[in-house]
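My questions all concern the structure below.
Per-chain numbering from 1; labels A, B, C and D assigned in written order.
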């Protein structure tokens, strides 16, 4: 997508620079995910664990429930095929009710609940039950791993200001945005990297530039951090208007790296701003954190969105 | 909170420097936690896993017990609503005792104990029991993750000397404190970073300065480490008295980074000293580790608090 | 095997350079594993957990099933030895069927299923069952760890181009290959290191050289990355023909290091090319990623294998 | 213990240099553990999880078995106190046998086995069983964490040569030892750091020096690595005899840092050599790894101990 540490021409090597996309491109989607679909590997592209770890909790619950019902249906079918007469305590009369009771027997077996008011008598039934209980334990071993993996996954819960401002800065201008930590844990050793990508109207190629930052690394992030790129002589933005940015399909790509000190994990957060997120001649409102009588400081993190227009 | 690697003016960018707090501020509380409350995100501020991992063991046990009782009450209610006649082996006569027995049946189901002297007969009762046993397994999967997460969480068990001393150092003075590892595992590649924050009485702004250390990194920490900031020409402390420090609401913020070599985890420890922790004209007593006849060295770590006054 | 950061003579210290192997050597096998067998430690060489984590899923399932059957056979034997009369509900008549039923009882015990239609009466039988259920829980604790360890293991799913090309590059030649990520997660901060190893026909020793790269580090790997070593004045390849490379048993060893940002894990990937993988006078076909109307880019990753001959 | 990156005088700050220990000191014991006992914190020194993770498997099994028996004895006592008449299916006559059967009932409850041929009737018995089954699940959650923690713990299984040799090296001498990986996984980016500690007979203080290495970092460790400190002008060893080393209670402390690429974990290994491990005028025998017809190299790792005397 972009090379932060290198010069523009090297973007070619990444396979992005070889053409001017006909459609507008958005390299990072709204949630900061890289907006690329990698095809061609068939089912080898699938990564089930990755999906289970990153999908929404609702999806996960649905998958678990659906899997639980399905596997019980399969084993109820097996038990029914083996024959209801091979189960003690199964006093249902109709086939349908026998199947239903074997479904419940299956659920009691796969969870290793084992009330025992229904129990296998014959060898075939006992073998199927022995297999099902093993399968149950392994499945719940997997579920344990997935749930632990989800909760312990390194995450940076960063809030980005809704807008990227073009503000007066020193004797010229600067582009700036603010970030804050949404959660109560601490982020330390935070680093920011900015890349801008533009179409070059002359070469009809997409160019990538690294944007220099006034401060690119801070040790704590207790309140908010205003990240500033000065539009100076060396900036690729010098002399460009909002109109130019729109025509050239600008995208400003942000990568934040920090350490979540609860787990000592390095965490990453990405975000991109498109031209519609940029506000000219605006300045962020100063935050007003207040200390209570115990010296504890309170900050309303959503205030980082606020700005004033300047003329 | 502070920028270790940068100059004072940059503190402004962190949102701390914009005002002189009316109340005294304490940026790190007594346990080294950042003393900031981040509001404004509503329930999105909540981080249940983080709380479960970091809360006291007593709180955790209480939450588990309360959850266990609550969920059994809910399922006992469901079973009672379904009807006690749908449960085999439930020979209680009064409604109250039926409810109590269904509560125990619920406990036997959610833990997948399943004695089976009480068992579901009807379909509704069986479905509820099948759901409860699944829920039980998932809950205990979660509990496994939380317990593992708590125990395997990277931690540095550092003991800090109670006081920060202003001692004679070379031809001038130095501020110094000592740390030691409370536990038997080893910390390697330890690094220390010190920041001081003061109110500036002229600008009415809070300033942050990085304090240079005589040694900022050591490879082993078998006994104790005395961390020294020389008060030399470049030190922001030069010429300030204890009185000045108090008036200007000083706070000295310490960040220690090390590797716990049992788990190869990078661990962090924080601490802050306020003016009441500072002792002038004092020197740490030398530690007296002694080797036994096998060459094993014994150290009383609490001796790091000890100091002598010097005149 | 090779020293990336050092000069050739130092290969001697690694124990590789001391002789010219009589047979052809392949230091990395087809899957990128180091092709060395370390003998001499006896069973201390074994690393069961490592095997369970890295073996194929099929092998693992086989081991689990075989272990399950074996342990149930052992406990069935113990229960049979204790005496079938010590088990309530065991109404089989023949010894064979008694043994089979005790096998199923064992399975119900080790999984903590415990239907209870068969149950231990005497003390010896009860003790054996108490031990077996404890063993069961610990085994499944282990299985949980192994399954979690497998799924959460850091992996880089890199696709390497089938061939290493010798292409026109600037005013001379370059050797180049392409990599792409097979999966949908992102790799960031990717770094590449190349080493070449050749027999020296004069000294009859195997030499190792580090190959300089045009770009050795990129921040994102959304599409593909063409890694290029320019064959310039400083290159150990200058002046060598394909024939020379074959005679001198060349192997080009690649180590890629990146961060899998789903888990914030550093991952490694290795690959080696032998002379049969090298294609002269060829150029990689440009990739043609296309953006859809939402700005999402689609790439067929297997296209990285494609090249054109140039004359 | 030692400062790798700094000069000798700084050892004082670590609390080691303040005295010349009366007894001989061994800073690292035979297994590379730091030979320091940290006292003074009372039970806050305890670190149960650390012990469970690092103790021998035999100790762990003993602790688990002892805990299992103890907790079942406690609950058997509670059940017995509640009254055997509160348990269905408990048909023992003597008190002793009732207690024994309640012990087995406890085992069936804590493992959530729950055969159900014995079951609680009264409320008190049911409550105790509900608590015990919860406790059982939490205990096995803990056991799962401990077993996973043990197996997944980052380890470097390095074999060090039994001796440290003083060998001819270039125009002078060098001290050298060899390491090899005992296991089949790979170690990459290995780094070595050497410190020497000696008593200073003049100042009666213990001094620490960093020893420069010919090569301090290699990218792969497929076979063996001979780590060499040249005894040149800058070496603190220049001019010292074996006799001097003995008198001054020398200890050479080694810290190896590497990445285990199966788990992408940074691992550490430590070792110390005392004077009795040093051999003068000796040279390591070259290793003779041999490639089979598939190009796979075989190495007998224990050959790293072998050396020849030179005169």
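Everything below uses one rule, namely that a residue touches a chain if its C-beta (ideal position, glycine included) is under 8 Å from a C-beta of that chain, and two chains touch if they have at least 3 such contacts.
Since we're looking at a predicted model, the values are computed, not measured.
At the interface between chain A and chain B, two copies of one sequence, fewer than half of the residue numbers in use are shared by both copies. Overlaying chain B onto chain C using CA atoms gives a rotation of 180 degrees, to the nearest 5.
Mean C-alpha position of chain B lies 37 Å from that of chain C.
Note: centroid distance chain A to chain C, computed from Cα atoms, is 26 Å.
Multi-chain contact residues of chain D (touching two or more other chains) are listed as 112-116, 144, 148. The residues of chain A lying in touch with chain C in their complex are 1-6, 10, 13-16, 18-19, 21-27, 29, 33-41, 44-45, 47, 49-50, 53-54, 88, 109, 112-116, 119-120, 123, 126-127, 129-130, 133-134, 136-138, 141-142, 144-146, 148-149, 153-154, 193, 195, 255, 265-268. Interface of chain B with chain C (complex): residues 112, 114-116, 144. In the complex of the two chains, the chain C residues touching chain A come out as 64-65, 68, 72, 100-101, 104, 107-108, 111-117, 140, 143-144, 147-148, 151-152, 157, 159, 180-186, 188, 214-215, 217-226, 228, 259, 261-264, 286-303.
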